[in-house]
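Two complexes come next, and they have one chain in common, chain A, joined by chain B in the first and chain C in the second.
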Partner chain A sequence: MSESSILQRASLGAWLEAMGRAGQRVLAPVREADRVVFATPSAPDQIATGFVQTPASAKAVVFPPYDEMLRFRANGEDVHVEEPSIAAEPTVLFGVRPCDAASFATLRAVFTWDSPDAWFEARMASLTVISVSCTQCDEYCFCTSVGGGPGSTQGSDILLTPLDDRRWLAEVLTEKGQAAAALAPQLFAPANGEAANKEKVLAHVPVRFEAKEFAQWLPSLFDRTDVWKEQSLRCLGCGACAFVCPTCSCFDIQDERVRDQGTRLRCWDSCGFRLFTLHASGHNPRHVQSERWRQRVMHKFSYQPERLGVTGCVGCGRCSRACPVDMNLGEHVRMLSEMSV
Partner chain B sequence: MELLRDKAKSLLTGGAVQVVIGYAAGSATDRFRPHFARSADDADRLIFGEGCRQNLAVYLLKPEVRAMGKAAVVGGPTTLRTLLQYAVENQIADGLVVALALEDGRVEELTSFAAVEEYLAQRPHGLSDGDRAELEQHAARSQKDRWAYWSAELARCIRCYACRAACPLCYCEQCITENNQPQWVPVASDAFGNLEWNVVRAMHLAGRCVNCGSCAAACPENIRIDLLNQVLAQEAMTQFGAEAGYSVRKEYALSVFKPDDKETFIR
Partner chain C sequence: MTTFATAPSASQRRNLYTPHKMRIVKATDEAPAVRTFQLQFVDAEVAARFSFQAGQFGEYSVYGEGESTFCIASSPTRKGYIECTFRQAGRVTSALADRQEGDIIGFRGPYGNTFPVEHWEGKKILFIAGGIALPPVRCVIWNVLDLRDRYQDVSIIYGARTVADLVYKHELADWDQRSDVNLWVTVDPGGQTPEWTGKVGFVPAIVEEVKPRPADTIAVLCGPPIMIKLTLPVLAKLGFAPEQIYTTLENRMKCGVGKCGRCNVGKLFVCKDGPVFTLAQLNELPPEY
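Right, the complex of A and B next:
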């Protein structure tokens, strides 16, 4: 249902105000000290521009770092359990990158594949994604290797592409997008053939490998212990890559108790942690870091495509920018993909 | 650079060590990555420059690296101090590691803890002028301001534990945050849990931290957690005269019992 129109950048304020009046919370990239973070902008000029990517992803909007699943209280033999109501504020996520918009499909595949996750579904249902195409990239970007692109519409309700300093090309892609545009229809003018200029402004993100092809034969590298060991030698086993990743969705469920009452929490977890697979018996099926690294690559580039039909990586490059020891996922996967030839 | 590569090559080809842990070029011009040179060819990729700040001593305790044999580690004063602190804490035996100390383009090979001690003895101790000025600036603020600063900073912590992983002295096989029977540290990355985690970590490093800054450099949220460690290092110095990593004989403050301890509760 793609419809293209022109939106003046100067009218963003009016559009955001209309969203506010409609009861939408707006989250957008905002500069805070030396970083760009997702927050509610107090004015449209607060929305950051000229950055390649935010250090943290926007996944917390639908999958926060921790969720309170239930509260419990014991009174002698009586145990009282209370389920917190699911709060899903209507939210417009404005100004994310196309790779981030695409990441929601991967999260959805994980959180709905068997019994749909009530928290995720409620938040996703109340989320509108208005993304902005990339006119620049850096050495960590590889969206074009995993089926995305700097102007990809995948996962967006509306995609804005800056045609010049004054105008965006607005592609309204879904019903949610139509609803968002309908909040201020007077701001959208006919595109009059301007859609043809979209490609010209997009960043050139080199293709480093073909994820679809790679998924076919990556399983054959499973036993190449030497390769996994060599790649992961410098990995410190922290969770920085997983926690900034827009598609990493593993969590850990823990009870926090003070005397006779407490809460059950689900918190972000990472396959890079030694504890991730540690059994109660003390046995750890992934007992060395190289096996954890292999799991990370296999899960994203083989298991998820095979089982869920989605790519486990959108090529945003955040993991590689955040890694304290410069583990570069795009580079590592390219190396693996070249092993086939 | 050539001096470093030549030194690494001679150590490797002569069989003195099986691996040289140094730095190689990274993903971008301003990034460097740890490099494990195991052959003369590997050694040609070693580089050293302004941005090579990660404390590579962290790798010396990793089973994968230990399995390679004897290691040489490239670094500056804080890396050397880590070696001596490892010695104090019985983590590495003397003679099992070679330090390649870099200073102004020169490379010095230090093959024993005594040599490392001597090398460090000839160099300035304590905080750099810049670090000291920064700490004083923080200390000069009111308690309320400092509380507000740390509350806001630590609220950003995502509990990825990159600080712990990058820290050469955070080598516990099982960290206290990984215990849940009982649960000592709240797991949620909320203001309280984050404060507790970061304070526990800072306290555990009090008198042990060598101020390499790897924790803050690793933090994806750019939180200056190293400042907490620096304050506690100063405190340990004032209270117990303990400055970590300058002597293999130094007892570190939090693990020593003395019958004449100045605190009455412990006697």
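Right, the complex of A and C next:
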């Protein structure tokens, strides 16, 4: 389905306006104080450029930090229950990195492998992903180790690659991408062989390990308690890694109540928290932090590939940038992968 | 040209996490802080559609407090209601314990796999349970006893810390009276009362004393981790193979449908692939349960 064309950067405003007129909510990287966050830009020049990665991923678009699942009101001995609408707002996610676009496949695997999750499906169905290739990376990036790349088209409906300061190469990849481009067809000019220049502008992200190969024998490292301990001795169990991760999808279900009214919320959670697996009896299957670190690595690089056919990591490096004690997932996994059996 | 949003499918409109309303028709205090609720669906249509099998579990909720995971403690042979037995331990179970007969609570399920009781027909069944782990076993006990002629000997070894902590005391008395059930009830040393006529000793020691024979036998074992850990070597010594020993895991859960991640053990989800496992299956897993 891939069709390449050229889009002038100066036309972005006209294109975004057309999306707005078509009833789309547009989310894009926008500078907010010293950070870049996903928000609706008030003007196209608000859209941030020149950053390597946003601190938080865009997963909240399909899996919000707090999701209202039910509302209820006490009604004598009975209770009145209301189900929030499952309809999702048509949304264009503009300017995510290829690693983020790839992360939706992992989320989709978790939320739909069995008993499909209604909110997730509705939000995915109404989401159009327009990503921008990476022309720079930093020491935390390792997309090329987990099957991705700075110009990878996985998960994108349209991929834009900046050829120079003025022009993007636009690869329209899906039907949703075609629909988005068709909102302003006059802005897209034939690529005339420019597609060949894509590779030249992409960042060089070194390959640290081969995730697919690593998945085969990672289970054999399960009993290397010494290694898991050494890697996680400084882990605070704060969960920052999971909260910024584009593929972490573990959640909690909690009720909030004020007098006789309440809501049931689905909230982000983390396998790094002690409470995550704590039984009511006090028994905890993963009672020390090194076991929780091992679970994090095993789940992403062995269990999810084996069970769901997806790697639970896209190499965006956010966990390592966010870690207050400088744990580095890419480096830790590289070290594990070099412990050849 | 296609449009942006595609029409939602049936699954896209169904909220997986909406509980069915159930009315508490009977509440029984079993032991200190342990209660049993007998529950019936408020909606007759839901009641008519509902069925479950031995070993399955559900998410029980108090609206405004949250959900807790318990097995269905009644037998699928008893139609028209389900029962759950729980110990008051945290926010949800404390709120549940405050509910009275006539009150409405939420239930979603049944979830998980089942004890293959049909495959066990013609065999001897040995139940071994400790403390608050009798409820998931009780479901299977009644399932087998309600179809008694399909099975050979039925033996039950049950222990608790103290006499007061024994649950289903009326049913224990009932099973004790039956000539077609072999029952041994024990309490931990120091947990007996002057009137206690049952055994005194830890469950593994009682199993060693009873010496059940492995031939043509299925063992259903459920209890606190320490009891399981010390009973397994006894069963192995008696000649039980890992394929003959069944248990049900009690990993912490939230969603019950393979998404929230907390019951993940190795590549398995206890809520989808379990909670019922043979020891042979557990031996293949990381020891994180």
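One rule holds in what follows: the second predicted complex is superposed on the first by the 339 of 341 C-alpha atoms of A that agree within 3 Å, B and C clash if a C-alpha of one lies under 4 Å from a C-alpha of the other, contacts with A are read in each partner's own complex, and residues count from 1 in each chain.
Everything below uses one rule, namely that a residue touches a chain if its C-beta (ideal position, glycine included) is under 8 Å from a C-beta of that chain, and two chains touch if they have at least 3 such contacts.
Because the structure is a prediction, the values reported are computed rather than measured.
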Inset, instruction - Mind working out whether A:90 is in touch with chain B, chain C, both or neither, as first, second, both or neither? - result: second
Inset, instruction - Could you say whether A:288 touches chain B, chain C, both of them, or neither, answering first, second, both or neither? - result: first
Legend entry - Contacts of A:139 with chain B and chain C, given as first, second, both or neither: first
Inset, instruction - Please indicate which partner A:213 is in contact with in the superposed arrangement: first for chain B, second for chain C, both, or neither. - result: neither
Legend entry - Comparing the two partners chain B and chain C, which touches a greater set of residues in chain A: C
Legend entry - chain B versus chain C as contact partner of A:253, first or second or both or neither: second
Inset, instruction - In the overlay, answer first, second, both or neither for which of chain B and chain C A:35 touches. - result: first
Inset, instruction - In the overlay, answer first, second, both or neither for which of chain B and chain C A:325 touches. - result: first
Inset, instruction - Figure out whether A:117 sits in contact with chain B (first) or chain C (second), or with both, or with neither. - result: second
Legend entry - Which of chain B and chain C A:199 touches, first, second, both or neither: neither
Inset, instruction - Mind sorting out which residues of chain A both chain B and chain C touch, each in its own complex? - result: 252, 254, 257
Inset, instruction - Flag every residue of chain C that touches chain A in the complex, lowest number first. - result: 1-6, 8-9, 11-19, 21, 61-67, 87, 89-90, 93, 102-104, 106, 224-225, 250-252, 254-255, 257-262, 264-268, 272, 286, 288-289
Inset, instruction - Name, in rising order, each residue of chain A that touches chain B in their complex. - result: 34-35, 55-56, 65-66, 138-140, 229, 233-234, 236-240, 242-244, 252, 254, 256-257, 265, 267-268, 270, 273, 275, 288-290, 320, 322, 324-326, 328, 331
Legend entry - Residues of chain A defined as touching chain C within the complex: 22-24, 69-70, 72, 74, 77-79, 81, 83, 86-88, 90, 110-111, 113-118, 121-122, 125-126, 128, 175-176, 178-180, 182, 222, 249-255, 257, 260-262, 264, 266, 269, 271, 276-281, 283, 285-286, 291, 295, 298-299, 302-303, 306-307
Legend entry - chain B residues within the chain A interface of the complex: 26-28, 31-36, 54, 58-59, 62-65, 158-162, 164-166, 178, 180, 183, 186-190, 214, 217-218, 220-222
